[in-house]
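The structure appears below as structure tokens.
Letters A, B and C name the chains as they come in the text, with residue numbers starting at 1 for each one.
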Amino acid sequence: MNKLKYLGKRLLMSVPVVWLGASMTWFIIFMGPVDPASRLLSEGQTRNPAAYEAAQIQLGLNQPPLQHYLDWMSNLAVFDLGQTWLLYQGSNVNALILDFLPRTLWLGFWSVLIAVFVGVPLGFYAGMRSNTASDYVASMGGIVWRAMPNFWLAIMLLTVLGSAYTLAAGDFFALNFDWQTIGPNLDSISGSPDLSRLDTVDGFLAATKKVLPAAVVLGSASMGNEMRIGRTAVLEVRNEDYIDLAKAKGVSKRALVWKHILRNALVPLVPIITSEAFLLIGGSVLVETVFGINGIGNLFYQAAIQGDLPLVGTLMYVFILMIVGINLIQDLLYTLIDPRVGLEGS
Amino acid sequence: MSVGPDEEPLLAVRDLEVVFHTEREEIHAVDGVSFDIHEGETVGLVGESGSGKSVTARSILGLVDSPGSIEGGEIGFRGDDLTDDNWERHRGDIAIVFQDPSNSLNPVYTVGNQIKEALRIHQGLRGNEATDAAVGLLEDVGIPDPRRRVEEYPHQLSGGMQQRAVIAMALACDPDLLVCDEPTTALDVTIQAQILDLLADLQREEDLAILFITHDMGVIEDATDRVNVIYAGEIVERAPTGTLFSEPAHPYTEALLRSIPGRTNAAERLPTIEGEVPTPTGRAEDCRFAPRCPYAFAECHEMPPEHVDVGAERSAACLLHEDGSEEAAERTVFDGSEAVSGGDSA
Amino acid sequence: MARAHETTSGTLLPTNSPAAVWAAIGAVLFAAQAGAFFGFVVGVLGDLLTVTPLPGAAFVTAVEAAVEQIPTLLSRDVIPNDGYWNGSRWVGTFLGLRPSLAWGIRAALVYLYAFAFAGWGILGYRLYRREYRTADWTPRDDMVDRFRGHKWGIFGLVVVFMFVVMAVFAPVLGPTTVDENMRNSYSNEITYWDSDAEAVQTTLVGEANLASQSRGDNPERVLPMEYDDFGRFHPFGTLPSGQDLFTFIVSGSRLSLVIGLLSVGLSAGIAASLALVAAYYKGRTDLGLVLASDSVMAMPQLLLLIMLTTVLSGTWLAEIYSGGFVLALIFAGTGWTYMWRSLRGPALQVAERQWIDAAQSFGQRPLTIMRKHMLPYITGYLLIYGSMTLGGAIISIAGLSYLGLGIAPPTPEWGRAINLGQDYVATGSWHISLIPGLLITLVVTGFNALGDGVRDAIDPQSDATTEDGAAGRGGGA
């Protein structure tokens, strides 16, 4: 009962957050120093008063601001997102998002997976063997990895994967490594993954392989962080009395590590994992740009530099929803993992 | 060496040495500690914070981790030397209860789960059988409504009940020896009395041997049959409880007794022992208490005192009791009544 | 203890006060490079003010010109490296050495000077602590000692220090200057030895650049530690435009540092004030701030940065410091949330302390309570999170300039170098993207290490299970 109440409270708190965020976005876009209408039109057209007025009317800017605000917010709430102006001119924004978003989600999914399933075990490993050589190597690696700018890492990775290598040992054997041909064939190492055939094994593998380098890059920073925190969590839990008592009871080493230590070490990791998810959403812009993936981050960037400000605002709303959604998932996970939650409710 | 009843001791600690290697120094936390525990008796280990009592307790259970390690001596349990990596063989024969009950139970599993874990390992019970046994144990330790409690998480229990649950968990291993490391220090005084009563009952019913570790002389007086006084990693006096309190043989014991509120005249200031417990960074080269001892003389600072029999079943490590010393000729045993007459001495 | 007049260390000079000697040494050191220090301060101010219609702008440019006249010990005039080969020997370089050596000497001397200055500072602190402070020991001493033994923290401090030196002394460290090599390359000439004509020639810097471009595997490309065809030494090689990469980098470092400091400083100021206010008043104020910060955090920081830079581009605000100022403002506006979140815990803890109640009970004003009784306890955390956020800010700035946003081209910035070189990574001009990336990694690692060291020094028990991980990531770059 307590847990449900806690979750309900969090859900309720999300509503004003979304509302505030959307309002701030509206304010920046439509009340900012730049005139969205003139931004949309090309140089020649701005001088044309008829075209300008038409743009204004279409954007709803001829109305008083409050009216415009209410219209805009209500449109967002029912997902009536209108049409685009400059990018893919005239397309339905909803359709555009539905086309682009899955690619970003696919990328994000794999990033989180890699970050969690590589970073956390590495961190646990380092924590269980703390202060040994393997610990230092792993920790140092995590720290440096975390400090690398991900767009730079993306460039480097693309370069490495773009060439073919041969590992040879004299005449005995030669191992050819060409990223493009290992496993499922790719027509090119960059570009958007084809998500239309995910239900087939081949399609799934191909789509995964396409997005894997980008996911590694995007997840790399989080990986370093999760490693570090996982390590700390394990160290702290190891020193607790209840672990000693379990050992004194005669619990097997295996059960001690898996049932007692790791389960408790997971608790502080949950907020970190989900907070990394926010960063993934932001960082996807850079990675998508480098890898040429037409995801929603790339769309946002293109809209921004080309001046399609209304689209920028709409997309920002979508992002806000995603982040708040992730927050709620985090709260849900928290209640599942830690039985103490719901009583104090942070 | 003082010898108890004519039988083999259950636990025979001989010259135990535990050293902690830190970056700056070596700390000889336990430096040549020896004592016995026989079946069914309660032995006390009393000393100030930092005297090495907890480390001794943990070494008996094999819970000393780096940077500490057992570097000398033996811990004989039923003939086996535990320091030969034999702890695993005797898991469950010796159980331990720690000071902070809120930290002694794994927060993410129910109380019942943790008790049943022990039951499964040591008595082979599973399923409903195990649950019933767990409920029975909770009842034995005096927890009301045990059927409900067995499904609850540790944080849902009060401090006193948590400690009872810990004792139940220890009992589930069917131990012969129960080591209690300051089990009541973190609890209210009223709860403290209840827990002490509980332990006394359990000892009678299960023929349990108990090692009671504390800094509280009052508890020692009530709960133990024999006492070992530990100072700076060394046992300085051993005696049956009654005799220790009425006729302390070591100056440190005398000072400890004097500092108990209630034993001095109400009108006078409560005597304290000036100075602090030293942190031993090497093997003993003198009497470690000498700097604070009101009876110290020249030899005290030059050689470490050995244990000397000072009566039936008791011994003390003090040069004042060595045959042949001048001071010994003057006084052999301190009169308990002198201790009460207050304030400054010597 | 009459410490003020009796000191335990003697001095060589006929004064009884080590402090005087120390101060004198400091004065000499400072005077030697006064021109450079003033140049840095005035230069930054000048860049900040150039485009504003504020009356101070012209004044600053005049001061800038005057400052350049101040004789400085380690300057391009005293140790020049841009000479030329006249067939038999080098003319115009320091001691007639090869330009690479001359530059190397100058750069090394600058760093030597900087470390000497730092050493002087440390000596002064130890002197103060030993001789002139009335207290024998303060808690801060423990913290300093712990930091001294923290190898990782010291590493971070050294890296950060070297980065700061690079930024402060940027005009002196490069083999050439931004003005000569980039901004006004067609208004400056260089002299060089033309091996074909076996004679000394002159040409415009711009032309020379055109002939030294690194575009993949072309034969004119200049790799790190090489000379180009005009006798110019390039420690990091050249860009695809032919400009010197090292000068580009050190000039960009100044930008990164200043903007980074500005953003983090502003962020910290906002975060600290809000944290103290929320902790002091608790209740609804705290709730309101949580709501506000959650809303801001609901917008991904990098995307918000993109959105705001786009919206604000073309305004006068975006002209200041090549867009750096508005960037710093946006950073502060979006980044305070992470720092505030991290400071909230310690601030709330301090607010629970009894001396706060005591101060309130005798009527102390809230602002004074916050400043005197609460602030000192969170400054430590400010340092930790500040240094980590700085690292993140540097990455974000680089990320934005990589995308072409934020810092307006052609102003040098590390991210832009990565962008310029990204097509050539697999070719013979691999250095253009690789070097800035490595430098960013190194500097950010340094800042993180520094933060780690400070945190371990202040509170050896604590550890990173809070959200400082998020703070140090620059919102997703």
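Just so it is clear, a residue touches a chain if its C-beta (ideal position, glycine included) is under 8 Å from a C-beta of that chain, and two chains touch if they have at least 3 such contacts.
None of these values were measured; they are calculated from a predicted model.
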{"item": "Arrangement of touching chains [line / ring / star / complete / other]", "value": "line"}
{"item": "Pair exhibiting more inter-chain C-beta contacts, A-C or A-B", "value": "A-C"}
{"item": "Averaged-CA centre spacing for the pair subunit C and subunit B, given as whole angstrom", "value": "58"}
{"item": "Separation of mean Cα positions, subunit C and subunit A [Å, integer]", "value": "30"}
{"item": "Rounded Å distance between subunit A and subunit B, as computed from the means of their C-alpha atoms", "value": "55"}
{"item": "Shared-contact residues (touching 2 or more other chains) in subunit A", "value": "none"}
{"item": "Two or more partner chains touched - positions in subunit C", "value": "none"}
{"item": "Sites on subunit A touched by subunit B in the complex", "value": "240-242, 244-251, 260, 263-264, 267, 337-340, 343"}
{"item": "Interface residues, subunit B side, partner subunit A - complex", "value": "58, 61, 63, 88, 91-92, 94-96, 98, 100, 103-108, 114, 117-118, 121-122, 153, 155, 166, 169, 172-173"}
{"item": "Subunit C-touching residues of subunit A, taken from the complex the two chains share", "value": "13, 16-18, 20-21, 24-25, 28-29, 32-34, 143-144, 146-153, 155-156, 159, 162-163, 221, 225, 228-229, 232-233, 235-236, 268, 271-272, 275-276, 278-286, 289-290, 297, 300-301, 304-305, 307, 309, 312, 316, 319-320, 323-324, 327"}
{"item": "Parts of subunit C lying in touch with subunit A, wherever the complex brings them together", "value": "291-292, 294-304, 306-308, 310-315, 391, 395, 398-399, 402-405, 415, 418, 422, 425-426, 433-434, 436-437, 440-442, 444-445, 448-449, 463-465, 467, 469-470, 472-473, 475-477"}
